[in-house]
Structures are given as structure tokens and as C-alpha cells.
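Presented below are the structures under discussion, each in the form of C-alpha cells.
In the two complexes that follow, subunit A is the common piece, with subunit B as its partner first and subunit C second.
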Partner chain A sequence: MHATRKFLSFVLAFLCLGPLLATASMGQAEAAMIFVTNEKDDTVSVVDSQSLKLVNTIQVGHRPRGIIITPDKKDIIVCLGDDAQLAVIDAQSMKVKRLLDSGPDPELLNISPDGKTLYIANEDDSLVTVMDYKTGQVTQEIPIGVEPEGMGVSPDGSIVVATSESTSMAHFIDTKTYKVIANILVDSRPRYADFTHDGAYVWVTSEVGGTVSVIDAKTHKIVKVIDFEIPGVRPELIGPVGINFTTDGKRAFICLGKANRLAVVDTSTYKVIDYVLVGQRPWHAALSPDGTKLYSANGLTNDITVVDVASLRAEKSVPVGRLPWGLVVRP
Partner chain B sequence: MSQGLMRARWAVLIGFLALSMPCALAAGQTKFWNTTGDKIIKFELAPAGSGNWGPDQCKNDKDNSVDDDERLQIKDVATGSYDARMTFEDGRVCTAKAIQIVQGKIFSLERGDLKDCTNPH
Partner chain C sequence: MRAEPNTDKQRPVVRFFRSLPIRRRELASGLLALLLGGFVPLIGSALPSAAQQPMPAAQPLQVNILYLSRQYDEPAPLSLTEKVVTDKGVQGARIGIEDTNRTGRFLSQNYRLSEAILGLDEDFKAKAKAALASGANLIIADLEKPDLLALADMPEAKSAVILDIRTSDDSLRQEDCRSNVFHILPSWAMRADALGQYLVWKKWNRWLLITGKNPPDLGYAAAVKRAAARFGAKIVDERSYAYAAGSRRTDTGHQQVQQQMPLLTQSAPPYDVAFVSDESETFGDYLPYRTWDPRPVVGTQGLFAVAWHRAFEEYGGTQLQHRFEREVGRIMTERDYAGWMAVRSIGEAVTHINSVKPADVRAYLLSDKFGVDGYKGESMNFRTWDLQLRQPVLIVDPTELVSISPQEGFLHPKYLTDTLGFDQPESKCRLK
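On to the complex of A and B.
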């Protein structure tokens, strides 16, 4: 009798707790973490994407700017401009676990699709540093134009496109030979390069020029220059920097800097569909893992803005540290 | 000259170099980090309260200006308290009072630090 009661209690408890446990585990699976570099605080803020609460502030080195997540989603790598280093943060424990010597003033970086090779823009010495991620050894230093920043990697990893701000060029680098195979002149101060999902085109933003150049990845010809007009905003305030293609590749969000907006561009017609007002001076943004939300880092309002990708509405701003610069989302 | 004297001179020279090199390496450049959000085309410093404005430090930059979020090398300024006067690209002139500058270090100014701004063009 006693044993039967005990068994029934166990069954009852399981039936009651089961749905709760299932909900909790589903919630955990859905909760992504947004990692934001705060250039002036020497920190990375971590924001829970569901509660939109700040859950952690990680002390890293000096002047954190460029930030990426490795393809296996295990590590987050941050450029520390004033330390000539990269900080590697464990994406789960949120602790800095490695420091890698990157060469002077790393500003932005990218990683090969296989997660083995890092490409780092060294702003002060006009180099792209190539690093074996596992060993931390620098394997190549590729001279390009003055003030490198953008670092796009093709989906198959065979080409890297680096931009040089002062030279106003996009440099195509073959990753087998590490030779520059094409130098493409674009509008003034190119700061970011990204390949379309199919690898056919490279989009390059020009901050001072106020445009985006779309370059054919095979012929290296500029096929389109996209420009922006916002009623009531002076043209010189429109400074395109970051690019994010939607998951289906049909649209691109362009961060417009001091215009305080994200432009939404149709990738087949190159027409601007809308401008989304966010915080002040967004330079970079990141998509949620399911592609439904976009988060912009707003450098002058010290916050991030959550944008609904379907409705193109800014939903909420979340305070982070001082001078937020870049961000990634860990699933 | 005797060999002993030569050796002594070399030892003094090597000792001097060994002592002075770390100091030289440690002394970085003094830099202004523009975090005002706007491009500055003229940047002057004066000892706090003196009104004795020094040369335009923007001349130290290759394009004679310092963009938003960029650094500007500051030359011939000793550690101390200074007022800064800056002209922005849109014509505004603003000042910042009693900022602390340490030789070899980076200092920054934000929008909130700016006072007495004139109107833009």
C-alpha cells in the first residue's frame, strides 16, 4: 500500500513537473544572447534576447570594437585596438579564455567558414593579418591600402575582400596564395564588405561617399551603386557602415551612422524599401538566429535597438555600455 | 687611450642606453580621442583659464582634421589641466574646460563635455 502511494506520488509529480520542465528547456533553447562591444568602457555587454535585460558585463582589454562568433558558436572573438590583441570569450561561460597577439590596432576581423583562419584588419599599419586560430600564430601579413577595416569572407572561403578607408578601395585577396587579385576603387571611406549568401556579389559601404557599391565577385566590376535620400536629413549625415542580409537574402539592412537609421534595401532591385529610425549613430547590427529580429549598436546613445524584421518597426532600446560599436548573437 | 678606460666608457654608454630605452619605449604619444560624434577641423589647447591658445593640433593629422571616433596626435603639451577649443565641420565652435591631460596618454571629450557652443553655419 505504502509502495503504491509512493509510486502514485511519483507519477503525479512527473505529470505536474513535466510540462514545466519542457517549457523551461524550450525557453532556454530559444534564449539567444547578444554580445555588444563597448569601445569606451573596455567591456562587452551581454543582453538576453528574450527578456532584453543586461545579464553580464565582461571586462575585456582596451578599445573593443570588431566582434565575431566562430562558426561552431563556441567562441566570441573581440578586437582590442589599444592592446594589439584579440580576446577570445567562451560563449557559454562568458569568460575571457585566450588572448591572441593580432598586430597593431586591430579594428575588425572575420573568420573562414571552416573556423580555422582569422583575417584581421590592422588599421594603423595597412595590413591584413592572417592567423591560424587554433595556434594563434600569424601566418601571413598582406599589405593593402591605408586604414584597413572591412573584411568580407566568401561563403566558400576562397576570397577575402578587405576595404581600406583612406585609399577608398576594396581589395580582393585569394586565400590560397594570399595575393591581392583585384583592387576596386569605390566611394570615399569604405568601411565594410560582405558577400551575398550565394557568393555572387560583394556589397561595400562607403561612409563618406554615402553609398553602397555592389561588386560582381567574379568579374570585379561594380554593377550598382546604391545611394540614400532621407527627407529632412542632410546628405552628409548619411554614412553607411554595417551590412546585414536577411536570412532569405531578399533584403539588406544598412546601418547609416549619423542619419540614425537603418536603410532596408531590396537585394534584387537595389531599391530602398524603408528607413528605420533607431538610436544615434548605428555602425553595426546583427540578426537573431531565427532571423526575425535585428539589433543595432548605437554609438552615441549607448544602447541597442531591437528591430522587427517583418514589420520593420523599432520595438525597444536597451541600454548597454559607453560607445557600443559591434555586436554578435549567440544562439 | 688605455684599454681599461675604453672598456669603462663602453660600460657607461651601454648602461645609459639600457636605462634610457625602457623610458623611451614606455612614453607613448599623447592623443585626443574624438568621441563628440562629429568631425573636428580645428583643435587648440590653452592652460586652464589662461586663454593662451596654442597651435591648431589638427595640423598634426594627415587630413588636418579628426573624425568621429578617431585619434589625433597632440604635440608639445605637458601633463596638466587645459581648456580645449574646437571647431566642427559645420562651423560650430565649442570649448571644454579644465580637462586633464597626461603626457603619453589618451584623453577624450564627449558631447556632454562641450560648453559655450556657437551656432553652426
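On to the complex of A and C.
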């Protein structure tokens, strides 16, 4: 009886797993790769999204933090804060193929939707550096508030929203004129800005303020300030940083730093649906190409956590280097 | 985080800062004007008109902050590797003004620091009264206790907001507290508790207390005893160091120190750490490696508790350290941090209330809306019962960050940082 049940469940498991295994092995040839910057180790860890094994560790330069992938998914660009450079990693060969002079202390960057222009936050210099990606030439330096960090690019590429951490502002920059067209005061230490998929709103996280401000992209008015309350977690430990909208745009995942959780927010009601416990001090996260998984970089536990987007369950943590900061996923 | 103590290899990053209309020269002229008794035109002209104007004003809101200090005698650091610095505090306030003006220019607010650093032979009360009479009411006080209290108790200062950036004396937060004096630096009790929590976490619970003979040494020692009682540590013995400081430069000096320190610490009951209370910095630096038993030294020297230190670069601290070094050309001391923090506190309030009336500023500083970012990874505010700034406290040795208190497991119903220092129920402060 016992043995039969065991056998049956084995068969059942096989039947269920069969298609999964098939897609997995089909996908194997082009398994997605997760690239994680390790601030302390001066490296980028590469984790296979299916086996969840560390497959490569790339030496990149000093203090790697901000990381993006180009729209064509061919290059991965990493800010090297202590080198005043950007490292360009070939997304396939995983080799550093190019170094670009970014201006001092690049912390975070973003790229225009056409892949031609880089927007770099020079944290130590109160500047947004605009760079032509092809030539590596700096074309503009836009003075904003103290300690620029967040760098949201609108879906049509016409507006960049940069945050300045010490000035507590979101600066709207017109990418045609490179003029700052609006300065919006938000809560303390704004670290990240991102546009909703439809470009209608900009979400800005305030790490020390503990909130997310939702700004109307047209009127530049704050339409909502989202607060977080977690039973058993001190308010001062809730430090929102990274934002990831789900593929359908209905939910947003907010990395809450020392609260060790991701908040899941409904983007229409602005209500918090759930808090997902991950590793310690997640600052940034990234979605898998199919949008079903979210990976958080956990700074203090030196790992990344895989969260299932549908069930909101943390499935597994994978060790990477020391002080993982940000990540991107190459399809 | 990589601590890169080396600033020589900094990038050529001055361009933007240099190009901004930084008010260094204005600061200097402000100081001059003030010393010449010219505070009236400085404040008098700008303040009343701006205060009444709603935003956005054609005329920016003028925010005048007075930095008031005296040229006190301070002992030179015992270590020859430490520079003698005579402008601690005010340099931090200046950087704070620059930072705050960066926000201010987007909001049509202009912050200005007037500096009054009086000689010891000058009549402090008369000068302070004159400054108050001419309108100074947002004041950063880099003053020792008697002068601080003299200032706070002047009738003209009744409605002023005074931010104390110099003292750690617990009595100023307890029986001698004043309703117009906010304290930026951690008190002795907060420092001793911060260290005490770390030692208890390490299970180094037996402390040999070694105290200097000056009142501040005894004040800090009292805080150490309080910490031991609170956290279940034991003071196994108390020793007193009675020699005066003397000169830090001598042709042959180490031999005597090498003999003296073992003498001071010999035949002690078993202990884990030598807890030194030498606020006056006369001998504490001589203790490490010279105690009779091989024990670490903690307290005011060795491993110590501070609000700010060069070895700290977490939570964006790198940026403040770099900004300061670039502009000032030396490292940022704890008092500089307090000066910076005082300006930032006023700035944070004025940014949100757009008013320079001291009553409005005070109300906002004490409201639950107030929170200032001091590069400690969390929002900081003031305790309403003694006007002390809540803050995580760094545990450092001369070259490294060792920990940050409060430590894991020390709990409080409201703020974890309220496990450091005098909590509301124990406070003897009665604000009037």
C-alpha cells in the first residue's frame, strides 16, 4: 500500500514534471543568466536561472554597483564607482570588452530605449552625465541636487527622472534640451526612480523617509505616497530602494533594504498586497525574461533570492559574492 | 563597502562645486560684519520681509543661522599623528550650508551662516545678547556648558532654537536641560551604553574602570557605571589616574609611560577590558599595549563610541566624507559632523515649513513629521523629553569601524536607539 502510493506519486510527479523538464531542457541552450554586481568583491557573479548555480565570476574593477543590460540584450554595463569608469561586459562571452570614462563615482545608470544614450548618476559630483554609448563621449553634464542616484527613463525616452539623495528631490530632465523642467521634493534619501510601463507615473523610493512617492509624469504632482507597515519590523528599518513592475504592470515589487523584505504593491490601488521575506538588505531586484520570477540582490547575506511572481513565495537563495548590490537578467 | 581612506587618489571632481556660487566669501564677510557688531544689517534686512512672503517668492526666503563659539583652550591630541585642528565644527556647518542651499535653490530659499567665534577675553554675555537682540534666533552653539547655559537663559533667547554641537554632558540633558536647547552629539550615557551593549554582546562583562581626575572624566565614568548596571556587566575595580597631561612632545617620554601604565593597572581582579574614562585626553591613548594584563582598552580611547569617524563610509557616508575633504582639506571630525547635522536639521525643517520663525522650526523639529538623514541608514529625530538627537552610535578604534550600536537584541517599544542614554521614564529633564 505504502509502496504503491509511493510509486503512484512518483509516476504522478514524473507526469507533471515531464513537460517542465522538457521546457527546461529546451531552454537550457538559452538559459537566462543573472548578472549580479558584488560591491565589496569588485566582481560580477553570473548565475544560471535554471540550475541556479553560479557559473561565472567576472573581475570588473573597483566598487561595482549599478548594472543594466542594453535594449538589444548584447551588452551589460556596470558602474565602477572607485574607477570613475563603466565596464561593458559582452553578455554572451561574459568578458569585459570595453571601459568607458564616466566621470567621478558613477553609482547607477540607465539607457535610452533606442540604446544610444547612457544617463549616469555621478554620486560624488552632483551631476547627471549623458554619454553617447557608441563613441563613449560625454555629451552633457547636467547639474542636479547633491548625490544623484536614481535614473528613470520614460518609455518614449523623452524624459529622464534623476533623484538626488541629499537634496531629497526628483529632477525631471527633458532629453531634447537637457534642461531640468521640474524639481519635486520627496521624502528623505530618494534612491530610485522608475516610470510605469505606460509612462503615466514615476515612482520614487525614499530610503530614509521609508516611502514611495508616485508622481504624475505630466503634471509633476505627487498623487500618492505609499507607506509600509510590517508587523514586528521597526519603521526605521524599512528603507525602500529598488522598484520592479511586473510584466503586466499590475503590481510593483519594492525592495525594502534592512526590513529584509520585498513589498508587493497593487499599482492601481497603491495598497500593499504582501511582504515577501528574502535575504538581508535587498536593494535591487530584476525580473526573469518571462516575468515569472523575481531575483533580489541581498547585500548582507551575500546571496540572491528567487521569488515566484505568481505565488509570492521565496523559493531559493543562491550565494554570490560579497555585498551584492544590483542585478540584471540576460535572456 | 570599500573604505578608501586615501583621498589623494581622488578624481578631478571639483569643477561643479567650484562653479557654484558657494558662499565662502560671504561667510567670511558675514563673520567680519558680526565681529564688528554688524549683525543688525545682516539679519534685520533679510528676515522680516522674507518670512511673511508665501512661496514662490520673487525674493528667496532668507534663512540666517548664527554659529556662536569661543576660542576655548583645547588640549592637543596626545598622538603626533593627529593634526591639531582649530576649526572643528564650523567647517561642518559650512558644508551643511552648501548642501542645504543645493535644495534651497530649487525652493527659493537661501541659507546663510554668520560666524561669531569670540575670544576668551571678550565679554561673552554682552556679545551674545547683542546678537540675540539684533534678531539671531536660529543658533548653532559650539559652546561649553557655562556659556551654553548663559546663552539659553537670556530672556532674549527664550524663543530661540539653539542647537548644541559641542557637549556630551549628561547634566545638560537631565537636570540642567533647557527647552530651547537641542543636543546633536550623543551624550556620555549614550556613548557608554553604545559601548556597553557591544561589550555585553561580546560577553566581555568584567570591566576595570580607570578614570581621570577632571569633572568630565568623572561624568563619563558615571555613565559607564550606569551602563554596567543596565546591561549586567561588572566593574571589578576602579582606578584613578592622577597625573596632569603635560606636553605631547618630549625628547624622551615613552619610558615613563611604559612604566606608569602597568603600575596603574597591576594587581587588578580578573577583568575582560580596561574601560578608560579620560574625556580630557590626558592619558587614555597611553593605555593600549601597556596594561599589566594583556587586555583590550575601551572607553574614551582604544575602542570608543562616536557620532562620526573617518573610518565610516556606509549608508552614503562616503559622499559626505569626500565633500568635506574636498572643500576643507582635512578629515571631518565628530564636531564637524555635529555642525553639519545642526544645519541639516534646520534645513530639513525650513524646507518643509517654509518659515524661519523659531517657534515654527521648534514645533517641526519636535513633530513626528521631522526626520533628518545623517548617513546612518535611518531617519533621525529628537527625543521630545530632553531634545537629544536619536542616532545610531559608531563603535570605532582609531582606524576602523568595528560596530554600530544599538546592538541586535537590545529592544525598545518605540525606537531601538532609545536603548542608548536616558529614556523618557528615567529622564530628570523637565522642559519648561
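Just so we're on the same page, the second predicted complex is superposed on the first by the 303 of 331 C-alpha atoms of A that agree within 3 Å, B and C clash if a C-alpha of one lies under 4 Å from a C-alpha of the other, contacts with A are read in each partner's own complex, and residues count from 1 in each chain.
Here is the rule we use: a contact is a pair of C-beta atoms (placed from the backbone, for glycine too) under 8 Å apart; a residue touches a chain by one contact, two chains touch by 3 or more.
Model, not experiment: these values are computed from the prediction.
Annotation: superposed three-chain arrangement on subunit A; subunit B versus subunit C shows a clash. When the two complexes are overlaid on their common chain A, residue A:Met169 makes contact with subunit C while staying clear of subunit B. By the touch criterion defined above, A:Ala84 reaches subunit C but does not reach subunit B.
Once the two complexes are overlaid on the shared chain, A:Gly152 sits clear of subunit B and of subunit C alike.
Residue contacts after overlaying the shared chain place A:Gly210 against subunit C, while subunit B stays out of touching range. When subunit B and subunit C are set side by side, the one touching more residues of subunit A is C.
Once the two complexes are laid over each other on the shared chain, residue contacts for A:Lys40 go to subunit B and to subunit C alike. By the touch criterion stated above, A:Leu300 is placed in contact with subunit B alone, subunit C being left untouched. In the overlay built on the shared chain, the residue A:Leu185 is in contact with subunit C alone; subunit B does not reach it.
Of the two partner chains, subunit C is the only one that A:Ser126 touches; subunit B does not reach it. In the superposition on chain A, contact is made by A:Gln280 with subunit B only, not with subunit C. Note on the chain A alignment: of 1-9, 145-153 or 181-189, the part of subunit C that runs into subunit B is 1-9.
According to the touch criterion, the shared surface of subunit A, contacted by subunit B in one complex and subunit C in the other, consists of residues 39-40, 82, 166, 258, 323. Per the touch definition, subunit A reaches subunit B in the complex via residues 39-40, 82, 166, 258, 280-281, 299-300, 323.
If you check the complex, the residues on subunit B that touch subunit A are 35, 37, 62, 68-69, 106, 108, 111. Per the touch definition, subunit A reaches subunit C in the complex via residues 39-40, 62-63, 82, 84, 104-105, 123-127, 141, 143, 145-147, 164-169, 183, 185, 188-189, 207-210, 234, 236-237, 239, 257-258, 323. Listed in rising order, the residues of subunit C touching subunit A in the complex are 1-2, 4, 10-13, 16-17, 20, 99, 102-103, 106-107, 316, 318-319, 322-323, 348, 351, 371-373, 377-379, 415-417.
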